[in-house]
Amino acid sequence: MLFALDPLFLGDAGTLEILLIVILKVVVAFGVLLVTVMLYIWWMRKFISDMQNRIGPSRAGPFGILQTLADGIKLFFKEDLIPNKSDKFVFKLAPFFSIVPALLVFTVVPVAGDFSSGGDGTVTWFGNKTFVQLADPHIGILFVLAMSSIAVYGIMLAGWSSGSKYPLLGSVRASAQMVSYEAALGLALVAVLMKTGTLSTHSIALNQSGGITDWGLVVTGFVPFFVFFIATTAELNTPPFDLVEAEQELVGGFHTEYSSIRFALFFMAEFMNVITMSGVMVTLFFGGPSGYYPPLGPAWFWGLLWFIGKVFIFASVFVWMRGTLPRPRYDQLMDFGWKMLIPLALGWVMLLATLDVFKDRGYDSGLSQLLILIISVVTLTFFAGLLMKSIAIGKHKREIEGEEVFG
Amino acid sequence: MAKLPLLGDSKNIGEDGLAGMDHNFLTGKIEDLVKWSRARSMWPATFGLACCALEMMATGSAHYDLGRWGMEVFRASPRQADLMIVAGRVSQKMAPILRQVYDQMMEPKWVISMGVCASSGGMFNNYALVQGVDQIVPVDVYAPGCPPGPETLMHAILQLHQKVETGEIARRRNELNGGAGIIVEQRDGQTATKVVIGR
Amino acid sequence: MSILNFFKGFAVTLGKLNHASESGEVVTTNYPEEKRNKPKRLHGRHVLNRYEDGMEKCIGCELCASVCPANCIYVRGADNNPDDPTSPGERFGFIYEINYLRCIHCDLCVEACPTQAITETKLFEFSFTDRKQAIYTKDELVVDDSGRPRHLPWEDWRPGEDEFTSEWMRATSPSGSASYQGKIQWAGELGYGVRPSEATQNIGPEETQGEQ
Amino acid sequence: MSDEAVNEETEQNNETEVYETSSRGQTVLHTGRNNLLNKIQQLYSDGFTVCIDVTAVDYLENPKRDLPEEIKPERFELVVSLLSHQKRERIRLRIQVPENDLTVPTLFDIYPGTEALEREVHDLFGIDFDGHPDMTRILMPENWEGHPLRKDYDVGKIPVQFKEAPGS
Amino acid sequence: MADQLMTDDQDEQQNESAERVFRRGDDSAILRLAESEVEAYTPDDDRRMVINMGPQHPSTHGVLRLSLEMEGESVLRSKPIIGYLHTGMEKTGEQLSYLQGPTNVTRMDYSSPLFSELAFSLATETLLEIEIPERATWIRMLMCELNRISSHLLFQATNGMDMGAVGAMIYGWREREEVLRLFEIITGLRMNHNYIRPGGVAADLPHGWRDDVLKVIDKLPDRLDEFDTLLTGQPIWHERLQGVGVINTAECLALGITGPLLRSTGYAWDLRKDMPYLQYDQLEFDVLVGTYGDCFDRFAIRLNEIRESIRIVRQILEKMPQGDYKIQDKKVTPPPRARIDESMEALIHHFKIFTEGFKVPSGEVYASVESPRGELGCYIVSDGGPKPYRMHIRGPSFTNLQVLPHMLQNCLVADAVAVISTVDPIMGEVDR
């Protein structure tokens, strides 16, 4: 387990040196993240205009690349307002609940390093070996879950404290939606953790450095990835699952009453979350910074490049979805989460576990594995059928009841 | 507030914000930056009323693309919007709500009166319409036409951008005291058109 | 296959990224830098025309003012000074004002004008920061000495845009009668001479008539 | 109701009669208010199942108009347009409403779709529909005084601004 | 066809059904409160709340205001409050002559202005008892069908926007823009054309119009297929619209609802087919009907009506006759410009028509057309003068709006958005 710790602390570097390197990493990570968010929002607007036969932002800076900066400055210098009816303390606090977790999640994502096959994921800076990630706690991936749960509070409190009806509806939606999809998210994670056997994000990434066949995506058999991806979309409130702020229904959802810099914080948090969660997804399923490293220049640079590339693809997929899909209804979203995603993730975890257990018991020949697979699939299908049937019965009953109530 | 060294006379800062400050090496640059950003990121509120609303939305669509000036972000919540495009005729029943939405918007805020119905009642010179939205809210730019084509609206927006960047808007509002200068005859039982509201 | 249908939409939006294709073409006109070509009949801001010798066409008859549904035209005629006439007839438009905050560009004034004095340009890119700017006086409406509309500071003229100033007048001049299509019975304009009639449909087999 | 009692004697003859005329080839029925519901119920059974429109006209400035001789012209006139899908026919009813008694029985029970239409007539003309579930203003603000579409209600024109016009 | 659908048996059933839903005192769907009371109303049950949608809400299509009494997210009772766009057009219509009239009515239904002009012109022509020339009729049909296309495309855009499908919204606007540019070529304006006038149309189709029209309608089918892939086949779209806001034929007839709403219940009633005006009886087209009367049916009907309209436009292109485009009646139409100089009489007519307008014999008529939203009627009373004594427009959206409380009952807020969107009210026409 010690392996998970940053080698910086194991080496013989002096305290001051360690401190400096850590501070440097913090500052750089913070700055880079802010700039990335800025660029991402610009890219989102450009990409979506491209899909809509438009030009998109083009006035602020070359190609409108400073568009987000302009938005930020403008919002910063706008009049701020705290509604009379609001709970003032909570109202002020809520945006920070939203932005701080978004920043913190990024600390555990391995960004670069030598993740080539056989590499140890480290980088040597100023003569010290270190990880290119802010921290690598033992519980790494649980930290992500914890932080994303806390972010819900930001949204929930924001809506509740505004003292107005639409935000309240938005925050009610938010809390229910997040809680439901948190479960699916966790179950999808379990599949990865089972395969890698570690919670440390660094080790998870390192485990996958052997090539595409080692990637979490392949090892866990695709399904957990899709569950994770959909659950993430819901967690992030990005379209099509942006019910929390559904403009057409709830005007602005939880942030209706927010203006100025507080709104900017929500705005930023939302997109920062997209980037960090893309990073988490890359770490878990796509091997983090691993990939083909040409024997040229420092290895960590190639790792960084791979990482950025993969995150970029994911971030763009989110935009792509934004531009394509209509928004589902709230109850359909919940139905989908509870009746589809969670059973699917649960079943898949059971399947993986069964295979693993029998493997440990020595049934690891291809034939026996296939047999076990078939048996498990049949069993699971049976239970899935039961579940579907019970859902159908429940729905039917509800309809009858509904008629009685409203008749 | 006292006169601060370096920052010049700042006694008006409480009332007028940055605009009330004397120019100095620091605020001069900041003000330029702020104006630059305001002109490039002016989020309109969705305030569509009638025919002009269609043209306003058409201006946001692919053929004209307000997104080029960072304005495709139509904010449904007035709290986050900077620009109110009064697109269409304002009836006596709507007038109080228009004012309410305007009041909900945060400073700095601008108003474009889009189309002749909003600007003056247009061809509907009758009991039902407010004859000029500038009796209710201070208007910065008027776009003529019924409805104004997207180009006209874009021209109005560009003109507003320019004024925001040169700071002319604030000055002009002070001069005109915000109101439109129309005197509307009082009619029996109707109160909504009377008031000429200042800044 | 509903699952498949789910993904088909993604193909459509992705297809738009191919800007070379017909469906993905970027259709935006980059307005302040470029301006799209306006159709000839477009109703824009008005001009008051002058005859080829520089005389004004308006005779102050107030037909335009009376037909205007928005009452946005104010005309007062006056007798010409015989020594220095403004218009060839007896009277001329002494005051001519259009309130563009009322004008709905229905172009009934253009159809009504018996002397083709008031016509519309293709200019629609103008906006005002002051109500007073919106009331155009005669000085602003009447064409300049070369027969071109005056370019006011708050209007966005581009080179060549002041060419077509009377298309709607010419389009409605036959007033529905097929036998009058293509017949020209109007005086020349300063700078343009006698404009041809709008290319028409009705004389002879359709569409055989070329442009002009 | 007292006014009606006064009028009853004079109107007795033509209240229950239905007169059919034609206006530019369109069938128009004239009947009295008391007979309105009966007639409409009858038309409904005849297949005129859709009420297309309910509106009113204020004949203050135009007292002379085409009416059967038996019908006494009044200031207001309620106009009901019905449509029969089977016969593909339209029929129009014109009902005289005197100025001093502006009540008409509601058509809501036969055609629920007239709810908004009757409210509009109430709002703009001041005609009350007896038995309507929600007889309030619909278009104008609730505290508005007067009924705009009456002929004695001013249009409310203000002078158009010009630079050199007298008085500006 | 309509009469086959309406057997006696069904008639009875429908009466019963109408009775069930709308019986007096059954206010389970409608929040029967005056506008001022809505503000102050707080339900007894503290699980319920009254929420105000509009008049300035992104999905209420302008200035419709809905008061919703909700329990959680489901709507119990509701009340549409209108009048926020009341323009006094009927009063203004009495001030304007028949010549100026179209400029007024065209601003009612601003997404399909030509239909209002057409209804007004038809009513005036019936009063005048004149026949308009063949070519004018066909030009009118061409323009109206193109307008129907643009109006339904607008529906696709706003519907997409309301459902959160940003792509569909922008594509809808883009396609609509192509049609608007066509209008701009023909009428000189993008909206509010003042093109169809009593006696014919304002101007002839310009040179090369055929190519321009063909260019647009050749391009459109492909783009409509894009809507099909983006929306019609999309499972989320199905989930959102199917089974939402259901209404049946009897309820529609009871409420006087027309247009795509009525057709979505499976009842084929289209004035173009059933009571033809202009020359629609010479054209071949289908009346599209739905089955379930839900939001999806209404969406699908509108999408496919665009295709039908394209079919009609193609036929019109073939059949467009030559001739006058305005009636040559010197009392109604101003003389050709070339005649003003030739004849004093023509000059006098010209002056008379433009100062005073033409006089219309006294009488009263009702004329109706099938607008993209349903039956658009115009009732004109003339006192023999040059201005209508009373001009009333029967806007389909106004009547159609009454269905909202019934459709919204037991819906979620998100469904409310879908329902409003597919009823597709244009507030200009509702409030007039």
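Going in written order, the chains are labelled A, B, C, D and E, and every chain counts its residues from 1.
The definition used in the following text is that contacts are C-beta pairs under 8 Å (C-beta built on N, C-alpha and C of every residue); 3 or more make two chains touch, one makes a residue touch a chain.
These figures come from a predicted structure and were not determined experimentally.
*Asks:* Return the chains common to the contact lists of chain C and chain E.
*Replies:* For chain C paired with chain E, the chains in contact with each are A, B, D, in label order.
*Asks:* Whose C-alpha centre lies nearest the centre of all protein C-alpha atoms?
*Replies:* E
*Asks:* Relative to chain D, which chain has the most distant C-alpha mean position?
*Replies:* Farthest chain from chain D, going by C-alpha centroids: A.
*Asks:* When I count C-beta pairs in contact, which pair ends up with more: A-C or B-D?
*Replies:* If we tally the contacting C-beta pairs, B-D comes out ahead.
*Asks:* Name the chain whose C-alpha centroid is most distant from the C-alpha centroid of chain E.
*Replies:* A
*Asks:* Which whole number of Å gives the spacing of the CA centres of chain D and chain E?
*Replies:* 24
*Asks:* Quick one: report the Å distance separating chain B from chain E, using the average Cα coordinate of each chain.
*Replies:* 32
*Asks:* Just give me the whole-number Å value for how far the CA centre of chain A lies from that of chain E.
*Replies:* Averaging C-alpha atoms per chain gives centres 46 Å apart.
*Asks:* Report the inter-centroid distance (CA atoms only) between chain B and chain C in whole Å.
*Replies:* The separation of the two C-alpha centroids amounts to 29 Å.
*Asks:* Enumerate the residues of chain D that touch no fewer than two other chains.
*Replies:* Residues 139-141, 148, 153, 155-156, 160-161 of chain D touch two or more partner chains.
*Asks:* Please list all residues of chain E that touch 2 or more other chains.
*Replies:* 57-58, 83, 86, 88, 91-92, 95, 103-104, 167, 170-171, 174, 177, 192, 230-231, 234, 236, 431
*Asks:* Two-or-more-chain contact residues of chain B, please, as numbers and ranges.
*Replies:* Residue numbers touching two or more other chains: 61-63, 65, 68, 76, 92-93, 120-121, 123, 125-128, 146, 149.
*Asks:* By the touch definition up top, name every chain pair that qualifies.
*Replies:* All touching pairs, sorted by chain label, are A-B, A-C, A-E, B-C, B-D, B-E, C-D, C-E, D-E.
*Asks:* Per the contact definition, I'd like the list of chain D residues that touch chain E in the complex.
*Replies:* Those residues of chain D that touch chain E are 23-26, 28, 49-53, 55, 57-58, 61-62, 65-66, 79, 81, 85-86, 88, 90, 92, 108-109, 111-117, 120, 124, 133-134, 136-142, 148-149, 153, 155-156.
*Asks:* Within the complex, which stretch of chain A touches chain B?
*Replies:* Result: residues 45, 49, 52-60, 64, 66-67, 69-74, 77-81, 247, 251-252, 255-260, 263 of chain A touch chain B.
*Asks:* Hey, which residues of chain A end up touching chain E in the complex?
*Replies:* 48, 51-54, 165-166, 169, 173, 239-240, 242-243, 246-251, 322-332, 402, 406
*Asks:* Tell me, which parts of chain E touch chain D in their complex?
*Replies:* Within the complex, chain E contacts chain D at residues 2-3, 6, 11, 18, 22, 24-25, 27, 32, 34-36, 82-83, 86, 88, 90-92, 95, 126-127, 129, 253-258, 269, 274-275, 362-366, 368, 375, 377, 379, 381, 383, 389-390, 392, 394, 398-399, 401-402, 431-432.
*Asks:* Show me the residue ranges of chain C that touch chain A in the complex, using the header's touch definition.
*Replies:* It is residues 9-10, 12-14, 16-17, 19, 24-28, 30 of chain C that touch chain A.
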